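Next up is a structure, given as structure tokens.
Each chain gets a letter, A, B and C, in the order it is written, and its residues are counted from 1.
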Amino acid sequence: MLSAPILVSAIVNGLLTGSIYALVALGLTLIYGVLHIINFAHGALLSAALFAAFFAYQKAGIDPYLAVLVLAPAFFGLGYALQRLVIGPAARGEERAMLLVTLGMAVLIENALLYAFRADTRTIDLPYAFKSVDLVFTFVAVPRLISFAVVFVVALVLWLIMTRTDTGKAIRAVAKERLGAELSGINVTHIYAMTFGLGTACVAIAACLLIPTYYVNPSAGNAFVLIAFTIVVLGGMGSVPGALIGGLVIGVVESLGGFFFGESLGQAGIFLIFIAVLLVRPRGLFGASA
Amino acid sequence: MRAYLPIVIVVAALAAVPLFVQSNVVLNFLIVALMIALAGQGWNILGGYGGQYSFGHAAFFGTGAYTTAILQVHYEVNAWLGFLAGIAAGAVAGGIIGGLTFRAGLRSSYFALVTLAFAEVLRIFASVAPITGAGVGLLIKLDLHAQAFQFRSRAVFYLIILALVAASLIIAQTLERSRFGAWLVAVRENEDAAMALGVNATAVKVAAMTISGAITAAAGCFYVQYFLFVDAPIGYGAWISIEALLTPIIGGAGTVFGALIGALAVKSIGEGAKFLTGDIPGLDLMTFGAVLVLVIAFAPRGLAGALMDGRDWLARRFVPLRKPAEGTTHG
Amino acid sequence: MADPLLSVEGVSRGFGGLMAVNGASLSASARRITALIGPNGAGKTTLFSLISGFLKPSAGRVIYDGTDVTGEPPYRLARRGVARTFQIVQPFAGLSVRDNILVGAHLRHRGRGAAQAAAEAVGQEVGLGHLLHRPANSLTVAGRKRLELARALATEPKLLLLDEVLAGLNPSEINEIVPIIRGLSARGIAIVMIEHVMQAVMSLAEQVFVLAEGRVIAQGSPAQVAADARVVEAYLGHGAAAKLGGVDVL
């Protein structure tokens, strides 16, 4: 039934889920904007982060919202190391090679998770996961509200890093004009690794936000990340506002689409949008030319 | 004609294998390896020779598999005709996806992404549509007669897949020596320069994708005849997109034998890993991911490339340097 | 005099608000060498891209061999006989010199044998005969320029657009290539060359067009253009002609 409260509820939930999509997309677009590669390993890294958050709660009893404080820096380090030690050296700057290396990493990480932890889907049971807040028009689960707030904070922090710190300015310089940045003394290898690290940290934070209401298995990240790819392409590769706005839009589209057409077709619908955008306007709403 | 001699030798040698090997385990291994080699050769035409990296070749494998399965199960079409129809469907799919993506000017990462999306969309549809058996998949009725393309003896399946692989090797060799092949490689190396020399790059890429789709679809059709079953994760799953890409890259992209070498190497590695640590899900693909990264890092031209480099290195060590020609001041 | 083979009429093309080429016109005839000169950033390479189909003009026409070919894709223009080299040489790096030229030869020869023979002949003609089997990326700069020329020649063009084919060559290398270019013109090919090497422009060109800020500001014989005050200003800045008192600096 198309009653207003239900519609509003779908939209609000879409916005809240969309905020997490936006966070994942943010990491992806940051990496593309600076390194000019599409990080095919993004999904596998999200799966790894989900497992990390899961075990943090399961084995050590750490609440996911606290686990963020450990996992974000840890995954930052992981991302930094991956770019500096594996992807950068293996690809030697060639675009085709980078495609294959990130694909190889994706396959390696996802299947390593499969090998280590099997394919069973797991979830955690947070005591307050189902508490709701009454927002006049609709009820909203507490974790979702927290996610929205956290994403907002992360976006703000990233903006501060980019505009106020030297590293952030260096990152923007490399994104704009790599050769010039290099000639003015910026260590591009280090900046690439820092950016990859930041993108991976975004993914880790998203995982912690997701885990109260989402599931964990080796391919969970991929399902999520194909949507992130769609957002990044829609919003424009390398555009931060594009990723944020696109994330919210797609979240709402998915929520309404799933509502009207059922979940599977909702997903297929998103990929069809994705294909359509790539064919018709690859630079998306805010991005530079493909 | 002399150029085809290596193919004749290799195929003849492989054809002799059933004379010496009766073990079903070994034959099964070789059959699957050859099937992957066929799928990989399809990828090789577009990716190796053409330089367009598709991350969604499952789209063609699954289309071939489902076409022949649907025709046999729902319309009682003869299996051999179904096989041909599957190959044709693969070609059409290649033409459509290629036409859409290359006309839109998609290159490199964007092309990879869009092929990935196409494969995913097909997988989702196949997992819910009634005609493809939805979540259950399609089962071909057991009917061990030649006219149903089913055989009691594995050796016959082996020879059939070998014949298909041989055809794909001949196609690659013919391509290499043809004008189309020269154009395709030029597009890979530098599309703008190729266009300035009269190459209709878009048409060449679409044609390559059509051929590529047909070859990989043939592998899908064979899968259905050999295993008598297909469902969405098998037909359109990431596993075949990865293996079709991996085998020519490891074996040597853009070479005639690269996919075959790569398939034998990759499958051997997979079996070796299982032998060492047990048949745990994820092991083989995990190994493949690692191998892909290592190959790109240390042997970007694949095994065939490494062999050629080795041969050049040996030639340089043992053949004395020739004196430069007289009067050469420029080069 | 016969109609020019190439007639570019008032073509324009902008990028994001900046007009790279603004109503430029030029012409070229068979058996003549036409030079296109101008300061850096004048829009010369963009003009070549507009003529050869890599860019569509927003205004104006390109008439070739009596036909309006404005906006046709590069491969079709190549088939009509328009060949173009690139300022930054782009060999097919993974292929041998001969196989590079082969791609061009295949435009006119379907069979591999015939195309290979044609490629080898062109290779000899430009002086790469002894390097045919070397990998293209092992060539020196001069070699790569010759290869760029050879590839274009293999398509048997009637109009040859050379974009700074002499850039990066030392004087002796230039002296070796100039006669080759002259020979091509004598064969009947219409040649348009973008050049900064003035000695070559003066000795080779029969007709010169000067492009500055997207517009043709002068045209004529080399001597006429060299004496034109506007040309001096375009290269050396406003007021330079007056300061130099009309001395022939080109």
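Going forward, contacts are C-beta pairs under 8 Å (C-beta built on N, C-alpha and C of every residue); 3 or more make two chains touch, one makes a residue touch a chain.
Just so you know, these numbers come straight off a predicted model, no measurement behind them.
Asks: Give me the two chains with the most inter-chain contact pairs.
Replies: Per chain pair, the contact count peaks at A-B.
Asks: Could you tell me which chain lies farthest from subunit C when each chain's centre is the average position of its Cα atoms?
Replies: Centre of mass proxy via C-alpha means gives A as farthest from subunit C.
Asks: Take the average of all CA coordinates in subunit A, do the same for subunit C, and state the distance between these two points in whole angstrom.
Replies: Measuring from centre to centre gives 49 Å for this pair.
Asks: Where the centres are mean C-alpha positions, what is the separation of subunit B from subunit C, in Å?
Replies: Subunit B and subunit C have C-alpha centres separated by 42 Å.
Asks: Cα centroid separation between subunit A and subunit B, in whole Å?
Replies: Between these chains, centre-to-centre, one finds 32 Å.
Asks: Which subunit C residues qualify as touching subunit B in the complex?
Replies: Those in contact with subunit B are residues 52, 54, 73-76, 78-79, 83-86, 90-95, 99, 102-104, 106-107, 110-112, 115, 127, 130-131, 138-140, 142-143, 151-152, 154-155, 172-173, 176.
Asks: Tell me, which parts of subunit B touch subunit C in their complex?
Replies: Touching subunit C: residues 177-179, 182-183, 185-186, 189-190, 192-201, 325, 328-331 of subunit B.
Asks: In their shared complex, at which residues does subunit A touch subunit B?
Replies: Interface residues on subunit A, with respect to subunit B: 37-38, 40, 86, 89-91, 95-97, 99-101, 103-115, 118-119, 218, 226, 229, 233, 264-265, 267-268, 271-272, 274-275, 278-280, 282, 290.
Asks: Inside the complex, what are the residues of subunit B that reach subunit A?
Replies: Residues in contact with subunit A: 51, 53, 55, 100-101, 104-110, 112-114, 116-118, 120-121, 124-125, 127-128, 242, 245, 249, 280-286, 288-293, 296-297, 300.
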